[in-house]
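Look at the two complexes coming up: subunit A is in both, with subunit B in one and subunit C in the other.
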Partner chain A sequence: MFKEAEIRTFIDGTTNYFETSAQQSATVGSPYLVTDGKPGAYEYTGVIGITGARKGIVYFTAPRGMLTVLLMRMQETDTSDENIKDLVGEVANTISGNARRDFGKNFVISVPVVIAHDLEKITTPHARSFVIPINWRTHSAKLVVCLE
Partner chain B sequence: MNFRLLGAWASRFSAGGLVVLVVILALSFVAVVLIPGLKLASDLASSTVALKFVGQQQRNPALIHASLDSMHDRLTNRGYIQESLDQLRDAATKLDAGLQDMTAQRSSSWFSVFADTSALGAPIAGKHATSLREVWAKEQESIEPILKFKGVPYQDNEATGTALNDAGKQLERDVTAASRASKRLIPLIDNELTAIVGELQAANARSATKLRLVMLTGLLIAVLLAGFVTILLLARQRQEASLREARQQTADILRTVKDGLFLLDENLVIGASYSSALESLFQRNDFAGLPFEKLLKNIVSEKTLSTALKFVGVLWSERTKENLVKTINPLGEVEVNVDNGRGEVSTRYLQFEFHRVRVDGKITQVLVSVSDVSARVDLARELQSSQTQAQAQVDTLLGILHVDPAQLASFLNDSNAAMKMINAVLREPAREESAFRKKLDTLFRQVHSVKGEAAALGLSSIESRAHSFEDDLKILREKADLSGNDFLPLVIKLDDLLTHLQSVGDLVSRLARLHVAATRNTEPDSHTATAVIEGGSDIAAKPDASVPSMLQQLTARVASENNKEASLQCMGFDTVPDEYRRIVKDIAVQAVRNSIVHGIESTADRHTAGKPAQGRLKLIFQELGIAGYKLIAEDDGQGLSTERIKEAALKKGFITPERAATLDAKQVFSLLFQPGFSTVEIATKDAGRGVGMNLMAGLMQQIGGKVSVATVPGKFTRLTLTLPPAKRAGNTEAA
Partner chain C sequence: MNSTAGPRASLKLMIVDDSNIIRRRIERSQQIERLEVVGAASNGRAAVEMFRRTQPDVVTMDLTMPEMDGIQCVEELIAINSNVLILVVSALADKATAVEAIEKGANGFLCKPFTDRQLNDALEELLSEA
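== the complex of A and B ==
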């Protein structure tokens, strides 16, 4: 199924990031649906917009704690807000790169946008989203895929 | 001067014609005015110089005459003559030199124009040269002896005083002779010189007149020239103004037009002028000089790009027909994606059109117009999708039309609850394999109940989806190492199921509204099942009288699918309390399917066994007062065979052969309720997953009920389910 391959690409993009930057793989929790248009977010979110074969958004959202540990794991001592934002942006970028590689011209992907703290700003274009929990060490993050 | 008239007149000439006219006028000005003017001026200058010179010479003959007279007087009075002699010599020398100058042949040169010593009226003096020379020669001859005189002409004598000596006497004679000759000759010279002056003055006057004439002509030509230059300038100004206006209009058009317009030259490079809309269409502004290929790169695929370039190339060929070429335009609908930098990418569809631009019948450029046809494309897509949707709706509609609306509403209600349950189970955090595995059983039970009821209602579209969901679950159940990734296909199917249920739901409510409206019109007081459905989800609270008929349909369908004959008798279903409505329905559905698939024999076997061809099923719901309720499901089929159950259990690895040997009948029957247990080899929609009985057991466990099995091989199977008294909503924990 095409949709499955798409979502898998986004998941792989996310787990790959942990694998390569933290040398510690992340696991995937069981995915579920959110039907009320509010998939929710943690403090830091990296969003990419998608159009072409499918339209919508994909975002990676994680709590500060997880990102701080991730930064430390990457030998980065500066755990400022800016640095954490950069990190989330980088995850989103990796997801987008992965998708570009897999889907080519069928998908047009925007430059990642990072939203921190301001959770109200994150709105999904459609009511139904796929939410994939991303577990890394003791932390949990989410990958939200909302495509038409 | 009336410039407007002039302008109109000038406009008859082409700008080039006017320029030629102006050049001709300028040249004629040079030829008619400047050259003759210059010549005349130089003539005038030279004759003026000559006049002055001749004027100077005119004094000398008089001086000679006066000197001779003076000498004659002094000689007579015995005066001092040297002074007069010197004066005579000086005047004679000057006159001689002057006449020499005047009568000598000279070459005239333009370069000598400014030298006032040359061209001393030579042509005019020349005429008088011979007579002047002759007269002067005679005069010279007469004064020659005087000029040669040296010494003193007197001698002093005591007696006579001062007297002329011999030389003096000779001198006196010479002077007298010269004086006489002068009287005759000098006026001749004077006359000649006066004639020369007169002629020179006449020539001067002629030159001046000519010069005036030339100047007048010059003035006229200059005026004409100025006029034409003015006209030329005016014409040019008008031309520039209209050009400016045209440019402004072109600029206005290019700025305002909504389409992107540009020209391509033979090398497929974009020209310098293009419409502003192009910038917003392509989100760039470096169009001038941009190769067409670069514009399209990253917008269209490599293949489309090369086709497009070939296509535009073909447009330059005279042999191909433009209209024909247009039909193969590969850029009729190009998708362009623009990132707005806020995490959104918008898609637009652009239509490229190509038109040949001809100058004097030759193709010089190709005009490209790009228009945003997103609205049209979106509309077409929307139309197509709504058509597909409508088609799907018709299919769904046909699938649900035969179902009793109340049953359908009840089913949708239950199914949505099941979907929510499935999603909730999926959502439960899980990291360990065991946590993931734990989810499977609940998922199985939920989807199975949906499938069962869908099958009972003959909703094949939902049944097949649920079946496919079960397929995936089965794969997961058999998978050794479960992780969250494995659940992805399930979620996608859940999404699909939800979408489908939603569309069925929408359709049902639309139908209900339609039905209600129709009912109101025809039977205002009627309260049939359709009125019930109007309440939507409230339906769950109403007594479910339609379950038996649904079960009847299920019986008929499953029997026919399994090539068997069966009839169902339902009793007491109108007394099922709301709390057990769904459980009883799920169990009844499961029981009917189990009985037909596993219990009832084929018609032939029944005949052999001496049974009626039609198998009999019974479903009885009983109220037991404080003891709760009882649901009995009975069939007159082949009964349960402990051996067959054991065999299947061994085959599927549920028990070891050793364990099989020690199992009693009750333990064997309990195997039936194990998840995944089935005696059927190949799963069908109706049986084989080993979910049904497990679902039943699960449900009973959930409410704290009991299941007992009674069977006589070859005779019957009876399942008795005991349900505790119904709990009131809200005090579940207390009960």
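== the complex of A and C ==
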């Protein structure tokens, strides 16, 4: 069972991502537990499958406006849909990969799967997920951690 | 090194990452004058083919990629040219992965996310071995 204390790893990974990549801090709201299998999503979602010692998924989900500004903060001028999808997958990949600092090498991450626009396609393998609300500039996003 | 000229000679850089954003970011952000980008690949298999064709002196290498991952790719590139300098640029932040990459032949490890300065410092350190 995923322990509440372990959520700190993902909070730290999220804040570090924005501080380093965007050179601008994000604030993280109080994480909360969702038990109905519907943690919710925004327009673009990058999903990382987790296998090995832990099993489940980690996803980062954000609206297009946030991802566009994030790209621009990274000096990327191409804000096409293709690059927006690339970015949302890369954020999910980076935060999940960084979690191996605490979880170790047996926290095996997949390449990102990106889901855009079709919120119905986003499902979690277990009913219980932790949601980390993320606020950056005027935008809101979420990191969802669903691990057994 | 492929290059037998002095330390100021131009060196060829190949960028390997499955993210287009990261490939473009590394190309845009690297400020090492003597590095010239000769190619970018989005997975290990494409990187091996490009490596044979462009014969780079320096490679930045992601680890988590489709088709062929970065660890296997490092092994294959080293088998082709054991003098190539490889900087692994990966989100995988555990020590065991960094050690494994170095044991397979990589020369440095930069953890994502990174700033422009961290990228350039890592490349400078890598080139100091050249």
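In the analysis below, the second predicted complex is superposed on the first by the 143 of 148 C-alpha atoms of A that agree within 3 Å, B and C clash if a C-alpha of one lies under 4 Å from a C-alpha of the other, contacts with A are read in each partner's own complex, and residues count from 1 in each chain.
Note that in this section a contact is a pair of C-beta atoms (placed from the backbone, for glycine too) under 8 Å apart; a residue touches a chain by one contact, two chains touch by 3 or more.
Since the model is a prediction, treat every value here as computed from it, not as a measurement.
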{"item": "First (subunit B), second (subunit C), both or neither touched by A:N135", "value": "first"}
{"item": "Partner chain in contact with A:I109 - subunit B first, subunit C second, else both or neither", "value": "both"}
{"item": "Contacts of A:T123 with subunit B and subunit C, given as first, second, both or neither", "value": "neither"}
{"item": "Contacts of A:D86 with subunit B and subunit C, given as first, second, both or neither", "value": "second"}
{"item": "Subunit B versus subunit C as contact partner of A:L71, first or second or both or neither", "value": "second"}
{"item": "First (subunit B), second (subunit C), both or neither touched by A:S21", "value": "second"}
{"item": "Touched partner set for A:S30, first subunit B, second subunit C, both or neither", "value": "first"}
{"item": "Partner chain(s) touched by A:R100 [first = subunit B, second = subunit C, both, neither]", "value": "second"}
{"item": "Contact residues common to both interfaces of subunit A (with subunit B and with subunit C)", "value": "105, 109-111"}
{"item": "In the complex, subunit B residues that touch subunit A", "value": "301, 335, 337, 339-347, 423, 426-431, 436, 439, 483-485, 487-489, 491-492, 494-495, 498"}
{"item": "In the complex with subunit B, residue positions of subunit A that touch it", "value": "1, 3-4, 7-8, 11, 27-33, 35, 47-52, 55, 57, 105, 108-113, 128, 130-133, 135, 140"}
{"item": "Subunit A to subunit C touching residues, read off their complex", "value": "16-17, 20-21, 23, 71, 74-76, 78, 82-83, 86-87, 89-90, 93-101, 103-105, 107, 109-111"}
{"item": "Sites on subunit C touched by subunit A in the complex", "value": "18-22, 24-25, 28-29, 64-66, 90-94, 96-97, 111-115"}
